[in-house]
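Below are two complexes that have chain A in common, paired first with chain B and then with chain C.
And then the complex of A and B:
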């Protein structure tokens, strides 16, 4: 009888404590890829994301008193596995971070039914900027069309693009094709010739045919939408074919330190547009080193922590934590749900002052979101490889979003029509 | 349209012969590397009837081991030697733990076992070396970098010293393998096993020894391939994808033929590059290399199901 009583008490205590633990957790799964052909670029990003959440858990006891459960579900960048991970985690997740344009496009219709916000910082489907149509999707702080527009603006600083030829070297994958509609529009408006050059997944490391085409066509500039091993393959081929590096610009996912270290000094002048910058003097980087890395709680290493991708991962988790914090304050509860987090993501206001408070000044441009604007359009800096690291090569560039607002609206509308019945945020007006 | 298909490409070749030479050179370099990977598949298939799905991951594993050992402070060439030791131990382990218990099982079981080896090596490799992209120790191995620029017909032909080295080393390796298979006792034993398993066993050829040997040779090929590809775009698990380029080579040349692997690799390397540059990019928007080799192999299979150099199988009913 004594044993039975003890067991009953233990079970009751366990239930109470278990309930208390669950109540104090925020489940924010990350559909990560630390394996497979894209692992080399995924790992530093995932490490940055995870380390910032670890810092919050260790330093602040989580967010608003609730610990963050930042579980990773490994996808290997495979769309099929990504969808499986989404299905596996959606039960208690307050957000999903799909991590590839392919996975994002697959889970986008599902999240609209399941009512779970998608957080896709700097990736995904560009028309997700239209918050009225994509009420559950967020691609803060800048989208691919913003990147394409900023790159074209940067090229225009050297004079009109009329009559020039721009090669668009891209991964033959939904991600690589994403900026094409805007680039085609800009080519028509500004009078430059756009030359799309696709790179297949199996050709990522052997791009000799693509670079022979570049040699034959002699484009004034090469714009790259590369990912994973494709970036290293392209940069080494560019060096090999003696293409002038200063005329070679990549999107933010083609600006990975490890890829450029393969060519070192030969890569000098290569540029990458970026909405993040690895500011080593930022106080948060010091805290990450002391409280996470030195404490043995990180999977990263000293070299990786100084890179662009690690810093970007940190910024990504900051965006999520700010949204959680905003929702907690607004709804007066620690344990927020998915719809409350959606409110938080829709009301982000990352100012210079707030970045100072967070110890992240200079790591991301200020931006804000609204129900109509799910991207934030923060803008970014042009980074340049100096032979050993990326440095800022421009002031803050801002995308001319007004010039392609119609394109965003029409693409969003087409998507909603093609996926009808599609639930929209009818209460949101375009100016909100 | 007919002009674009039948006349314009040849006019391009004629008017820019230097560019054509560059295309042929790039095709030759790719072809040699495809042939090298295909040889790894063929050797194992000939001796054991196993289609080695793990050949791709062996390339990654060998290259990562080399770079990893060097990172531990071991001199470059000693790292190469130690990597070969690791590949030998791997060959012994595969024979003892995976293949020996499965002797006599249907081919599909052995094929599935190589998928298991692949998954194990991916997990083991990532645990030991991590998934980050690593720089191949090209200079430390004394592999020349830089290039030689020629001006044939008043044009431009860039020959990378790395590519020249790859072509020379791969050719020597292939010739060495052919000599080994044709003129040594062990080599003849491998060929005998490929020709007739039962007869080979009846004259005392040890299946276990030969299996260890061919898997070790496949490991050597994997190391050379890993160094060659790794020097071009870094060492990461993405290298595994390269192995899939050998599949159409095997379809074209035949799974059992060493000559087929070499000729098939060179044919695919050169033809896919010519097609992509002169027909694929102007007419089809490019990226034809992803399917061209398979279409070529399928066309050959329509007329020669055993591949260009494969053995014609005649079974008595």
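And then the complex of A and C:
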């Protein structure tokens, strides 16, 4: 009997304390994938994101005095689970971080109805850059079309692309097909031959057919839009077929340290465009190590924390926290709601000085957003594998956004017509 | 005592051949229908609609389609996912080419396309059987998914290769697409599923159903008593693919809202096959039980793991206790000690988990997911061990025991 009284008291206390803490919290759930076929790439990203939020909670007591509840909902990268998580969290969430192109596509049409901003940093649907059409979606700091443009720019540094042949090795999936419209347009303008080589989801780990084709066609460069097991498969296959690594460039998701460690020195020269860089000398990395990792609050490990993907996770959480802070200042309230956060994301201004203040100089290029520009088009660096880690191989590259603004606008309006009635931001007068 | 059939006399052939000759069965079904048509829509939250009610109904319908082919006509098929895809793409093309079309009509018509494709891929069944036929349907699976990827006309040349459901209106109300309310979608799904279930029950009870069962049990004997095997097998393929196709259209239009080709790949076929097998081959009700176990249970477990057990509201606590008590009682009636143990064990584990939560115990969502997969897998094995013929057979046994309860055999 005594035992039961204790239990009841504990339960009652739990309720009281539970409600007490809820009062000062910002609920920013993350649809994580630490299980399933893409877990190897997901875990470092999720750890980076979670650790930065833990750091803010530990060091500053949250953002503007409100703790961040960075709860994870496990999706295993499956769309069905993703939608389940979205439905579960949308009641009190101020942001949705869908984490896969499939889940993003599914959630995107619901944003206008549910009015919760989607934060898809550097992934998802490229036309989301058009903030007038996609009022609630953000893919900061750069999108896939920016990446494709920057890769072509980088290749052009070695001379004209006229008459060259570029193979485009991509996952046969919405994500992999994403940059195709832009690459086709660039191929027409610059006069290079584009050779799309799709890799089916079932062939990710066995790409011998695709690499046989590459050997036969002898392209000057291979550009890869790969994810998960596909990257490791392509890189080991490239080493096996002795494809010159310096001509092989991946998108930012194809620059995972663990994939390259498999081949080590043989992978030297492989490049990946990236709009984040794991600057080990940045003060924030030291703080993360001291206050989060050494305090036992992290699920990460020392090796992983040096990787590109962990650093990327940190940058993504920084973007979210900056948006929250901006919204708090503008609306003069600690507990912001979803539409206030939308304002925050729309008015991000991450300058060089701000990055310095945050202790993140060199980890992400400075960028800003507006009501018309939901991507920021920060630009990025070409990273190169030196045999043991990724190093910067170029200065900051900036995408020529103007040259494909029409493409963004037409794709966005096409989406809006297909999903009519679709509410747009008519008040916005800025341009992309 | 609860299920006494004594005194229910049948005085005409019509009464004897009624859908529910036993009064209690009809009564039970009435309760379930009232729950589904009135109580759930009034009480369910958005989350319940989107993760439990709608998907369970759609998966149950898909499994029912497969069950007609595999359970009733004995033709093993591994192409269910692709046939669902045919229904979905057909519906997508119809509503985008002919926007004036009534969405429910489009959904019901899309099954016609999958029925046609199903018959074409069913032709090999006239010559091959069993595992060999499974391989032939597997070919359909791979071919059709490949077609969904490569034939850009099917997805209206969309750059991402996915189909996206537009906002569809019916009498001024959005019934599909992002603007539609969950409850509207639920009622449409429920209407279609109820309609097709009624159709399937009566088909399998009638002449056609008997032909299928004869074909399943021994095709040579069936042929000898004058059954046209070609007609029997191809009608099974047609009806089955029709139901599966409609389920596919519902799957995309009333639930997911968008789909890329690989959604319809082999894992979907297997999932539907598992539902049909665990529910019980050759049954209609089993499909619903199987879908509840395979689609609903993981969601429920996830929710349970994420809530504070001792902080749930009183009605849900009563519901939980009542469910455990009912399961215990039914297993006890069926003389299945393992079942009684499992039901009580589930309750005990929940209490222990709640106590651990009070002591500050937390598990992260990735671990919950791992444990969830283990529990669901364990339950599938458990149910197949205590009743290899599926949940439907388990219910039939319980029902038979209930009729004579409290007297044992």
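By definition in this document, the second predicted complex is superposed on the first by the 410 of 432 C-alpha atoms of A that agree within 3 Å, B and C clash if a C-alpha of one lies under 4 Å from a C-alpha of the other, contacts with A are read in each partner's own complex, and residues count from 1 in each chain.
Definition applied: a contact is a pair of C-beta atoms (placed from the backbone, for glycine too) under 8 Å apart; a residue touches a chain by one contact, two chains touch by 3 or more.
This one's a predicted model, so the numbers in the text were calculated from it and none came from an experiment.
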| item | value |
| --- | --- |
| Partner chain in contact with A:87 - chain B first, chain C second, else both or neither | second |
| Chain B versus chain C as contact partner of A:233, first or second or both or neither | first |
| First, second, both or neither for A:177, with chain B first and chain C second | second |
| Which of chain B and chain C A:208 touches, first, second, both or neither | first |
| First (chain B), second (chain C), both or neither touched by A:418 | second |
| Chain B versus chain C as contact partner of A:110, first or second or both or neither | second |
| Touching partner for A:258 - first (chain B), second (chain C), both, neither | first |
| Touching partner for A:34 - first (chain B), second (chain C), both, neither | both |
| Partner chain(s) touched by A:199 [first = chain B, second = chain C, both, neither] | first |
| On chain A, positions contacted by chain B and by chain C | 34-35, 172, 201 |
| List of chain C residues in touch with chain A within their complex | 46-47, 50-51, 55, 149, 159-162, 164-167, 177-179, 256-258, 260, 262-263, 265, 299, 302-303, 306, 308, 310-311, 355, 358, 364-366, 368-370 |
| Residue ranges of chain A in contact with chain B within the complex | 34-44, 172, 196-206, 208-210, 212-213, 215-216, 228-229, 232-233, 236, 240-242, 258-259, 261-262, 304 |
| Of chain A, residues touching chain C in the complex | 7, 10-11, 14-15, 18, 32, 34-35, 71-74, 76, 79-80, 83-84, 87-88, 90-91, 101-102, 105-106, 109-110, 112-113, 125, 172-174, 177-178, 180-181, 201, 299, 411, 418-421 |
| Interfacial residue positions of chain B with respect to chain A in the complex | 16, 19, 22-23, 26, 29-30, 122, 126, 130-133, 135, 147, 158, 160, 229, 232-234, 236-242, 244-245, 272-273, 276-277, 281, 285-287, 289-290 |
